[in-house]
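Input: structures, listed below.
Both of the next two complexes hold subunit A, though its partner changes from subunit B to subunit C.
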Partner chain A sequence: MEIVPQLIVNSIIAGSIYSLVALGFNLIYDVTKFFNLAHGVLAAVGGYAVFFFYKTFGLPLILSVVIAVLLTGLIGFILDKLVFLPLRLRKASDMVLIVASLGAFTAIQAIIAILFTSQFQTLSQGSGQNIYEFGNAVFTQTQFIILASALIIMVGLVWLLKSTMLGKAIQAISDDEEVAKIVGINTNKIISYVFFIGSAIAGLAGVLVGFDTGIEPTMGMGLLLKGVIGSIIGGVGNIYGGVLGSFLLGFVENFGIWKISGEWKDAIAFILLILFLLFKPKGILRK
Partner chain B sequence: MIMNTLLKWIVGIVIVVLIAWGGYVLYQKYSGSIDGGVATGEPIKIGFIGALTGDAAAYGEGARNTVALAVDEINKSGGVDGRPLEVVYEDGKCNGKDAANAAQKLVNVDKVMVIFGGSCSGETLSAIPIVEVGKVVLVSGTATSPDLTGKSKFFFRTYPSDAKQGEIVADAANAKGWKKVVAIQEQTDYALGYYKAFENRFKQLGGTVTKEEFATSVTDVRSLLTKLKNQKPDALLISVQTPAAGERILKQLQDLKWKPALIVIDILVNDTATVERNKEYLEGAIGADFALDQNNQKLQNFLAAYKAMFNADVPFTSYNTAVYDSVYVIKDGIMAVGLDGEKIADWSRTIKDWAGASGMITIDANGDRASAHSVKVVKDGKAQF
Partner chain C sequence: MEYITHLLILFSIYGILGLGLNLIVGYTGLLSVTHAAFYGIGAYTTAILLTSFGINFFLSIIIGMIVSGILGFLIGLVLSKFKGDYYALVSFGFNIIVFSIFLNWQNLTRGPLGIPGIGKPQLFDINFYNNFNFLILSLVFLLLSWLLSWFIVKSSFGRVLKAIREDEQAIQVFGYNTHYYKLAIFVIGAMLASIAGSLFASYISYIDPSTFTLNESIFILVVIILGGLANLRGSILGALILIILPEALRFVGFPSDIAAQMRQLVYGVILVLLMLYRPQGLIGEYKL
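This part shows the complex of A and B:
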């Protein structure tokens, strides 16, 4: 039983990371209604941007993170303008959009590997990070920041959607894009803003993962899959649902291997996904 | 109308001829630039399979550079009987599936007689059945899994098997008085091979070993480590495919505030840069490596030539020195018995005290290099014998 506190901490860390991916993913899904696979690679973009500005270029840490998050948002915005918007205007099917996003994913991942090599890198410097202990459990400062970021962004997104004009426009598009257009909302402009915000959140997720474990060009797919599983079991397009599902996934994954071998970790995650798809396809909190 | 059609045909034919001619000129120019050097005969095509992307690219890129360097040297000094070597590089991505595809292409499309690789044991294991059918010789300087021993008469390696590595590390752990060792092992042929060799020997010596496995795609192994920590072992064995996976584990160990005595797989102690980067976590860790004689002039020449060509130190020196030697071994093989996969494979078993940059090479009947590892301990940020 003495490992339970640490397993809880491990679950919370995993859940927070998945939440950050799920939050941005859900926001974009909400208005575009397609599975944007390129979302995963944007996490890698964020991580590598910090790597470049902070470790190679030598800018201060906070400034590097801010630049990286904004840059990732900008790349998401550009992706929408260059790839997804033209396809939407052409009334392309969801399948075409998914394939296009997979193409963008692969291309950006390859570009990162060419620019920075495919070597694994860490963002943290040295081992000078604070480690907190609660009884049998250990928590690092980075992990605390990850949890705090996930919660702050969740609250921030709820505020954005409920209390701002932009949020109301986003919800209108989410409910019915055609009607939103008729009442005078410039839907394509709003969607491009959403791409910026959602991608910036993905970038932040990548940065935090980079400080926690490290970065490599192929990190995007693993993060994306877990974030997508989190949002599906929580309820696709629902902000609270994405977070709830992500934490549930984190706990099931980490406690699932308590008594059985650790090699089952990914299998458990995907079995959970299949169970939800079969018995509760709309997720825990339906939109 | 007829004139019009005729005109179209003539214009069409002229365009086709022009394109073909342009292509031919470009081809001549391009292949000419590859041939280069002194050797000007018809090139001998040779295949290469290695991990050029992903975590394991750390090995594949070094091996590719090393092969390119050795081939360049050979071609500049007259090639093989006047014929230059030309290498076709394929990405095996450190997994069986991609390596099998690469081997299929090299054997059936490029029709090579010799393939260097794979850089990983998993790649090599899945390439073997394909080279057997095609009667192509496969030679690796980096695939070290014990499962490859005696696997095929078409395969040999210029690096010793991990069976020895696991055994001497188990002996060293036993000598330290450790009885209870826990292990974290990546699910790849190489990491499993090292673990099995260690486990067999350590159990014979009266110790106990338990392990947790993780898939290559898994980057968060905190809960596995939490479970292992809870067993209160004397030491933790880390058996991973790539330094990247090893570094992630070291980092997460530190995050969990667990500082066990470490036994590590060779890749975490045989690359100076990796040891330097992780010196705080690796201090005191024991591992095994294949010892190179630093006074060997061939080794020094290789290290200098690599640095001059790629402006970087040789990564994983012991592996890549073995890769370097494998290219020259193949050159000698072709000169001795001709360009024939089966004959070169048979010839490889007769190699005895072949003087290379990695020392004297002798290949046994199982295709393994007959040599041993020695134990290394990380001290003050350097792995020492």
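This part shows the complex of A and C:
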């Protein structure tokens, strides 16, 4: 039983990371209504951007992180302009959008591997990390920052959606894009902003994972699937639902491997998703 | 010559995979991204039966098809509850679950170490030890898969599948139980993939879980989307192009790690460009 406090800490950290991915994914799904699979690879872009600016180029840490997050947002924005916007204008089906996003995912992942090799790398310099003890559980400073970021981004997004003109426009598009157009909202412009914001959050998730464990080009798929599972079991398109679902997933995954090998995590996550889709398809909090 | 034989064997294997997946994605309109799971089940069944029990290759193909068929039935049963993007996502999940089983059920699959020393087929006095004979064998299986697919597509069963793709509710009104049809075609596709897996295991003589990842399922999807959805010749054409095209990269002289990534890059870009400019593929008859 001594392991339980550590399992709780691990679950919370995993839940926070998944929440960050889920928040961006949910926001984009809210306005475009398709599963943007390219969202995952943007986390890898964020991680590698910090690797390049901070470790190779030698810029200060905070500056590198800011550049990386903005760059990831920009790439999401460009993907929308080049791929998803033309498809939306042509009224392409959801399947076409999914397959296109899968293609974008594969291509960007390959570009990262060509530029930086497919080796596993770490972002943190040396071992000078502060470690906190909490009963029998141990967590690092990075992990504390991960939890704080997830909560701050969640509160920030709620504020954005509830209290700004942009947020109101996003909600209008989410309710009905056609009607939003009729009342004079430039929907394509708003959607491209959403792509920027959502992708930037994914980039931040990638950066934080990079400091916590490390980065590799294929990290995106795992993060994406966990984020998607988190948002679906929480209730797709609902901010609180996405966070709640992600934390639930974190707990189920980490307690699921209490007695068995950690390699089963992914399978456990998908079994949870399939059970939810079969018995509670709208998720915990429906929109 | 040996090299061309090698490419043609791979082409037949992917041709079989493409034919099976095209029945599911192209003809029935179900975006399944879990084909590599059944490919792997076939490969592992053959590998285990040949190395541990010394069973004949051809018998192992049949057992592999039965195992794949049963698992395909169970997975298809769950999948048939979904449609559209949720279908794709859940099929992703099954690929990852099956992959985890290959990786973690170490008593059976030896996990990441893989299974080496898988034997070549032998039928009475004919053996398939040399690659040329193996090629003939693979082409025979490709032909059989083609005939089966052709028969399905031309039959009234195939017409119901296309009707499900175009308008599931309308065909339900006519009294067809569409769940039954979707399940049946999924099982047939899974069994075809299992044949390809058995051939692959015996040909390469070593398998490990890394061959049967989600990326492989995506690759098979690229094969049929590029060649053409709902067109059997399209699956063959797609397999031919995607097996030969990356070889050009090899001759340009990239190191093997980079060449592998370049291949992924090409597949990704092909998918995006096809979706943007030609969603039905080269000679396809159905747009996603």
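We take it that the second predicted complex is superposed on the first by the 281 of 287 C-alpha atoms of A that agree within 3 Å, B and C clash if a C-alpha of one lies under 4 Å from a C-alpha of the other, contacts with A are read in each partner's own complex, and residues count from 1 in each chain.
In the analysis below, a residue touches a chain if its C-beta (ideal position, glycine included) is under 8 Å from a C-beta of that chain, and two chains touch if they have at least 3 such contacts.
Not measured: the values here are computed from a predicted model.
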Query - Fit-or-clash call for subunit B and subunit C when the two complexes are aligned on subunit A - result: clash
Report task. Check the residue A:Glu263 against both partner chains and state whether it touches subunit B (first), subunit C (second), both, or neither. Result -> both
Requested in this report: Give one of first, second, both or neither to describe whether A:Trp159 is in contact with subunit B, with subunit C, with both, or with none.
Outcome: neither
Report task. Considering only touches as defined above, state whether A:Asn254 meets subunit B (first), subunit C (second), both or neither. Result -> first
Query raised in the report: Touching A:Leu277, do we find subunit B (first), subunit C (second), both, or neither?
Result: second
Requested in this report: For A:Phe134, decide between first (touching subunit B), second (touching subunit C), both and neither.
Outcome: neither
Requested in this report: Scan A:Ala92 for contacts with subunit B and subunit C and give back first, second, both or neither.
Outcome: second
Report task. Identify the partner contact of A:Phe57: answer first if only subunit B is touched, second if only subunit C is, both if each is, neither if none is. Result -> neither
Report task. Scan A:Ile13 for contacts with subunit B and subunit C and give back first, second, both or neither. Result -> first
Query raised in the report: Do any residues of subunit A touch both subunit B and subunit C, and if so, which are they?
Result: 113, 117-118, 261, 263, 266
Report summary line: Per the touch rule, the subunit C residues reaching subunit A in their complex are 31, 78, 81-82, 84-86, 88-90, 92-94, 96-97, 100-101, 103-104, 214-215, 218, 221, 225, 257-258, 261-265, 267-272, 274-276, 279, 287-288
Requested in this report: State the interface residues of subunit A toward subunit B in the complex, per the touch definition above.
Outcome: 2-3, 6-7, 10-11, 13-14, 113, 117-120, 122, 124, 126-127, 131, 133, 138, 140, 143, 212-214, 216, 218-219, 222, 253-254, 257-258, 261-263, 265-266
Report summary line: As the complex stands, subunit A meets subunit C at residues 34-35, 83, 86-87, 92-100, 102-111, 113-114, 117-118, 221, 225, 228, 232, 261, 263-264, 266-267, 270-271, 273-274, 277-278
Report summary line: Residue positions on subunit B within touch of subunit A in the complex are 53-55, 57-58, 61, 187, 212-215, 217-224, 226-227, 229-230, 242-245, 247-248, 251-252, 254-257, 280-281
